[in-house]
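One structure coming up, written as structure tokens, with questions to follow.
We just call them A, B, C, D and E in the order they show up, numbering each chain from 1.
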Amino acid sequence: MSRNDLLYLMPLLVLAGGAILNMLLVAVKRTHKIMYVLTILVHIGALLALYNIKNITAYTVYPLFILDGLAVFNLGLILLTSLAVTLLSYAYFEQREERKEEYYILLLLATLGACVLVISRHFASFFLGLEVLSVSLYSLIAYLRTRERSDEAGIKYLILAAFSSAFLLFGMALVYAVSGTMEFSGIGNYLSSSRELDTLLLTGFGLMIVGIGFKLGVVPFHMWAPDVYQGAPAPVTAFIATVSKGGMVALLIRFFSQAGGYRYPDMLLIFTIIAIASMFAGNLLALRQKNIKRLLAYSSISHLGYLLVAFLAGNKLGVEAVSFYLVAYFITSLGAFGVVTILSDKDRDADKLRDYRGLLWRRPVTAAIFIAMLLSLAGIPLTAGFVGKFYLLAAGVNTQLWLLVVMLVINSVIGLYYYIKVIAVMFAQPNAKREPRKLLHPVFYLTSGSTMMVLALLLVWVGINPNGLMQLIHGLLDTFIAAR
Amino acid sequence: MENLLWLIPALPFAGALLLILFGRRMPRNLVAILGAGSVGISALITLLIGFQFLSARPDFYVQQVWTWFDVAGFTPGIAFHLDALSLVFVFVVTFVGFLIHVYSAGYMADEEDFARFFACMNLFVGSMLMLVLADNLLLLYLGWEGVGLCSYLLIGFWYKNPANGYAARKAFIITRVGDTAMAIGLFILFQTFGTLNIQAILSEAPQTWPIGSQMAVLVAFLLLGGAVGKSGQLPLQTWLPDAMAGPTPVSALIHAATMVTAGVYLIARTNVIFELAPAAMLAVAIIGAVTLLIAGCTALTQYDLKRVLAYSTISQIGYMFLALGVGAWSAGIFHFMIHAFFKALLFLCAGAIIIALHHEQDMRQMGGLRRALPVVFWTFLIGAASLAALPLVTAGFYSKDQILWYALAGERGNVWLYLAALVGAFITAIYTFRMVFITFYGEAKTHVSHPPGMVMVVPLIILAILSIVGGFIELPHNFAHLTLFSDLLQPVLPGIAVDETIGESEWMFQLLAAGVALVGVFLAYLFFYARRTAFEESIARSSLAMAIRQFWFSGWGFDKLYDTLFVRPFVYLANINKNDIIDSVYNGLAAFARSVNKGLSQTQSGIMRWYMMGVVVGAILILTISLLP
Amino acid sequence: MELTFYVASAIAIIATIMVITNYNMIHALLYLVVSFLAVAVVFFTLGAPFMAALEVIIYAGAIVVLIIFVIMMLNLTNEDVQQERTWLRPKTWIGPALLSLVLLGELAYLVIAEDMPTINNQPVDARQVGLALYGPYLLGVQLCGMLLMAGIVGAYHLGRQKKKVVHRFLERSEI
Amino acid sequence: MILAWILIILMAGGVLAWIAGRLNTTLPRWIALVATFACLCMTVYLWIELPASTDAVGNWIMRFQTPWIPQWGISFHLALDGLSLLMLLLTFFLGILAILTSWREIDTKVGFFHFNLLWVLAGISGVFLTMDLFLFYFFWEVMLIPMYFLIGIWGHENRTYAAYKFFIFTQASGLLMLLSILGLYFVHGYSTGVYTFNYFELVGTSFAPEVGALLMAGFLAAFLVKLPVVPFHSWLPDAHSQAPTAGSVILAGLLLKTGAYGLLRFVIPMFPDAAQAFAPWAMLLGVIGILYGAILAFSQTDLKRLVAYTSVSHMGFVILGVFAFNELALQGVIMQMITHGLSTGALFLLAGFLYDRLHTRDIRKMGGFWTSVPKMGVIALVFVMASLGLPGLGNFIAEFLTLVGSWQANNWLTVFATLGLVAATAYSLRIMQKIFLGNTANHPALADLSLRELMIAVPLVVLILWLGLYPQPVLNTARASVTEQLQAYTNPKVAEPAQAMLQTEASDSLTIHTLKGRTYEPK
Amino acid sequence: MTNIPMEAGLLLAGILFTLGLISVLIRRNIIFMLISVEIMLNAAGLAFIVAATRWAQPDGQVMFIFILTMAAAEVSVGLALILQLHHQLKTLDSDAANKMFG
């Protein structure tokens, strides 16, 4: 462990330190505002630390971590997303829970877990990152413990996550038993040196997919998603939808490309089936869903299915597409759940479709943002989602994954139905009699509101002029691709 | 003078336009003056141009107003072509049209939609003029369709009665069927010649197609289809009787001057093509012969005065077709002209009767009108005589005799055609005088309330005169060598060669024709004027006769046939598919998606153990896939 | 040693079966302790004595004790045992069990299909483990700290009881 | 640059109208009117001024290109030729009518309405102008959303369903086109090394037959659905009948034309071989559409639905003509696009006028209106006649040219298409019959057209007559582009050795391991 | 030292894993489910130990320690949650926690 290592791991250290600092602060005095500001500062600090190392080629902190373009990109993405979630959280938690402070600790820890995932190159760090993330999430999901649904969601997530972690671990153990190493690159080396494929190794990979698939929320490991999305507090839902999945996607890419997963037709077949099944199940389940959070959960299932198309393409364009899509998907999901967050009141989250009836006329700006987010999810131009989907299709077409690409198209169409259904609800005439919802003081919304505006602007900006982002991804991924 | 040619169709159009735009705010007199006047001036110009044409005797005169459009060498113009044939038609259209307009001013005097009526009438005349003056087939087609439109508007003039509307639609749709055939003919012509200019086609066709060539026959048949539709010939004749729903002047216009004669014009105009297609010629003749018989028989049984006239028109046009079909081009056109006179006359008389009897059209409710409406009676009688071709004194005799003669003696003629024509003449005489006797003789059944005014009577008289003297410009050559009409048409329409072997006995056949007409009149007298004898009564009342009468009355069941063959299936198809079967495919897809959604929703039971089962199943599947080769 | 391995394995399996079939939670937990002890023996035979100790201390000790603690807190009675009995009808468990056995079958097939060397080497003692733990895996240990911190903070937040504002019946479940 | 300005004016006008809608309900109308009128003036100016230069600069009157996403070879690339120019003229003309007709009809959320209206127009203009396939798809989608809002918010009773259907159908087909665009991009890139979405570069690509067919299929999917061709038409009656009048006018008048435009601009010149192979089927589809649409139109009782099905029928002529591959037919198609836009737009406007007065679209509840609304009757008559193809009105020229052209390509199908004229007569006359003719009893006296309504209707009548009697200016404008689209068909093809195969880039899965026990051959 | 075939070790792990799995699937009592998951995690740990023994590396054992840590953290959070849930539902029936579905 050298000073260099520490320098490169600075973003993570800042996060960990921030968490500890927060905890100490709680011990001293519980002040929501200070915690909030501190958390924001920690994020900014981590981002600054990250900015410091943005130009690295590939740096290995032996044996657990590696920092390369992919890692830097995803770290930045995760940190920014987490920052946005934080920004949205203040107004949400201010009036819901008398103990809001632990939330920030847990959020920082969860972010740390996701960051660890992103830079892992070893089973141990993979596992630990995953668990830090998971364990924080258990509490975050059940954070509003007086809400029955929150608890239910928490326990469901806990048992299922632990359950799938067991699969993951067993799989890792098998891989380790066969290959004798737990480093991704080591496994890759082992595989390229052996001319034949061990079935046991394949089994190990298969069982690992269970664990990975659970975190990604893809079929058939997706069933937790709607319940947890619904039960969790809206900002946490946003976090699950984005950070937790994004971290896992980054890990999957790294694992697959370094361990040589693309070389097994069986693996590709499994992921193809998973991708198609996810698209269909997600979209079809969302079709008549009347709960927005569940609907978004289903939609995120299908979006992960889309994402896998580019992932399966595997080459540089594919990874670029995945990265780009992640950005678009993050912005969109944050925006969508952000709207839910903003609209939620003290008693419950605004997750019913009827809460949105006539929103376009009641709160035009919020509704417009939501519409933009939904259109982005549907992949309609002028939004980031369109460019993202375009990228995915391009990657798919480029590697001639015709089946997947066609499935993607079909599913985009199915998906369109429920997105525009929500939009239609928003522009329907509001019910004549409707008691005004209890709303917080407008000041509380200032940060949330500005966050939302920024997200919406980003969405449109990326949708219209994706050049900058594309160049960034392109540049950062060069090192990753070269390192493979 | 020829520079004014464009004014002939333009004036009625202008009149129509003015009437459409401002008609509702004009005083009625002005409407009538504008309506009749515009056609009148056209007629005047026609006369002027006609004189000039006759004196200068050019083959034809063309005036290009502008190029309609120019696509890939296809450059039809808005251009008018005047030659003898069009001159005859223009003359008839403007002149008879003018008379009908004048008459209408009186006839429609009580009508509230006066302006609309005249606007449509003007449009009608204008379209017809466009048709006959067109120098290319596309412009002809414009007039052709315009005529259809106007017939639609005028037949359905009294739109408040839905039946009239249906009659109007029927007319438009059925003629459109023919038009479609014609349009296809135009496609072929264009493809072959690269132009639709009539003169160009006619001059090139003989070089391109040998006589009897398949293409020529095809084109001729297609054009014939169009002609048949417009002219109310078999098998598209069914619209014509129903077209009587319109005001009577309209019927006169349709039957005498415009519309129905368009088919005759088209065939005459494209005579070269028909000459190249003997089969089509024969078809034209046969269609004419059969139509004239069928329509004649139907006319025998009708009670509606106008329907009798309508069927008689069909029948007379059948004569013209027969003439054209046997190659007696100028005879056909001659008959057209004469027919225009007397048929307009008959219709206008009928109109006078009808309006005098408060819109009563059923002949059984008439009778004894001879005294109540003397002028009408005499003019009607003249018209009827002409229609029945009473020998020597009527114009109809001369024109029809020519046709009969050429049907037998012409090089394309034969005995059967002649016999059909002869029988037709016989029937014509019967139903014509049946009409005369029932309407004007016997006892009065309905009181006459509105005797026609001068505006209506004058056109009647003029037409009556024409119906008599019109025939003297072209006499059979065993009478005298007076062939003004066919001479006039000589440059446009080829003459007809006569089979010399029977040429000698022409007078015998003339005698036969005259006799047949007279016998017909006599029979009508027996059955419909004099008290019937028991024998006659038994014939009339026999069940066979009744059945035949019923059959004929219904127009030989054509309406019913078409109803079952085309209309019903179409309506049936339309009705069963009202909600678009294809739509249900998509709705089915949506329903399928919904049911899948329902099924999948069951998996999201909210029960944790079930979710774990999902994970386990997934794991098993993955392992199984790994195990598979 | 081989014999020990097999005997311990058998005990572990039997004890685990007892755990999953027992209706009484406390009994089940006792069997679980037995199972963990047996696994600890297996660890020992496999040459991981330090792990055997940890297994006993943390699994059999800490975790099981924690669970028992909670059971005591919840004050479970005989009724719960009866309830457990009603919950565990063959109808409910036969399907999942078969499914799991299929999985086991596949796993077993895959494991046995592999021709692997027998384990025949030196035990890895605590020192080696310690060196690895505080050598290359140092950051991992730190992460474990974070993990525990997350667990503790979460447990602390969630475990606190608070007078509940009951709105359970007010909140209708939506479909 | 003037081309970009057109789009900018429309979009900015839309946003302005939305904002203005908060202040006042009349202001957005004027803003929209002025913006559209400005665009119309610009286009008319271009039309009048620029034909002289057409010969000098080739077919393209003007171009505007600026890089957008250079990594992918995407540029913001607009170009104007005769075809686009005509389509733009139609767009803005109908746009103005749509705004005028909404003047009274739309009284809620006026600002947002005009925002959507202008953005639809912008999207459509974009589609007609762009020469970059990515941008094309972009605009193709952009025009959907505002249209969706127009139908969904201001539509009739069943609007939501109709709006869904419209959106989903068009989006589904659009995505297939996107696939094809991408396929084209990569195939072209792989075979030439130039990765670009530029139309002018892609247009000459020569494909192996099956590749061309596949890529064309995607484009066809979008265009045939938009056109629409039976059996993909089912969105149209619902969308048209449920949309507000302005929406119906734009849908029928403009949106359908984007499909036809796409066929002309992309399918014909880019895939000559595949198009030729597909031509008989396409023409068959066209004929089926003509007849099927006519039969359905005949049986409808909802006036707007009836008119909608007539669109299906009329659009059948378009595809029939497009796949005849000759100048006559293509000119006919272009005429058909314009005249159908005018005549069907006019019929929808009339339906709107009637709806204003009666609050029903059910023709069974109408009849005998001629007495009370003769002006409306005359105007309706003109457009009913236009719709059945009466000579002297623009539609006749269109249909005749199309049929003459298609006759040269396929006789039998043309015969059946021509039969469609008879069916057209049947359904068209039914409109007149049921609404204006018939018994006047039990019907309230209606108010005849107001000045505003006359201002909408009379220009349409004048235009349709002008197009019927002297269409030459339009034909001249379109001529150059028609010949250009047909270039691949008229020139004898030089055998090109390099045909692009369906080959892009392999994913970098380098080795494929086999399971143990099976032989393994390294690649 | 010994000659234990690795298959045997892995098989044992597999059997224990499956037993835990069965238990998770059939139990309705949430505490039992938590216990069963612990069994599964323990089995996975066992597999790591077996693997570590095969390669004579400490890495597998380190992994086991990590697993232990994670199990502990998990159980603590889980039990806290169970307490909360029991407080609200008055039962430990996992099927009772099904307010969210569809």
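Just so we're on the same page, a residue touches a chain if its C-beta (ideal position, glycine included) is under 8 Å from a C-beta of that chain, and two chains touch if they have at least 3 such contacts.
As the structure is a computational prediction, the values presented were derived from the model and not from experiment.
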| request: Please identify which chain has its centre, taken as the mean of its CA atoms, farthest from the centre of chain A. | output: B
| message | By Cα centroids, which chain is closest to the centre of the whole protein? | response | D
| request: Identify the chain pair with more contacting C-beta pairs: B-C or A-D. | output: A-D
| message | With centres defined by CA atoms only, which chain is the most remote from chain D? | response | C
| Rounded Å distance between chain A and chain C, as computed from the means of their C-alpha atoms | 30
| query | How far is the middle of chain C from the middle of chain E, if each middle is the mean of its Cα atoms, in Å? | reply | 4
| query | Which integer distance in Å separates the CA centroid of chain B from that of chain D? | reply | 39
| note | Cα centroid separation, chain A vs chain E, in Å, comes to 26
| task | Give me the residues of chain A that touch two or more other chains. | result | 124, 128, 131, 135, 138-139, 142, 145, 148, 154-156, 159, 163, 177, 198-199, 202-203, 226-227, 291
| said: Residues of chain B that contact two or more other chains, please. | reply: 601, 604, 606, 608-609, 612-613, 616-617, 619, 623, 626-627
| query | Which chain C residues touch at least two other chains? | reply | 96, 99-100, 103, 106-107, 110-111, 114, 116, 137, 140, 144, 147, 150-151, 154-158, 164, 168, 175
| Chains grouped in pairs wherever the two touch, ordered by label | A-B, A-C, A-D, A-E, B-C, B-D, B-E, C-E
| Hey, which residues of chain B end up touching chain A in the complex? | 593-594, 596-598, 600-601, 603-604, 606, 608, 610-612, 614-615, 617-619, 621-623, 625-628
| Mind pulling up the chain B residues that touch chain D in the complex? | 20, 24, 66-72, 74, 78, 116, 138, 141-142, 144-146, 149, 152-153, 156, 159-162, 165-166, 168-169, 172-173, 176-177, 179-180, 183-184, 186-188, 190-191, 570-571, 573-575, 577-578, 580, 582-583, 585-586, 629
| request: Report the residues of chain A in contact with chain C in the complex, numbered from low to high. | output: 1, 9, 16, 19-20, 23, 61-65, 99, 102, 105-106, 109-110, 112-113, 116, 124-125, 128-129, 131-132, 135-136, 138-140, 142-143, 145-146, 148, 154, 177-178, 198-200, 202-203, 290-291, 347-348, 352
| said: Using the touch definition from the top, list the residues of chain E that touch chain C in their complex. | reply: 1-12, 14-23, 25-29, 31-32, 34-36, 38-39, 42, 45-46, 49-50, 52-54, 56-59, 61-62, 64-66, 68-77, 79-84, 86-88, 92-93, 99, 101-102
| said: Touching residues of chain C toward chain B in the complex: what are they? | reply: 96, 99-100, 102-103, 106-107, 109-110
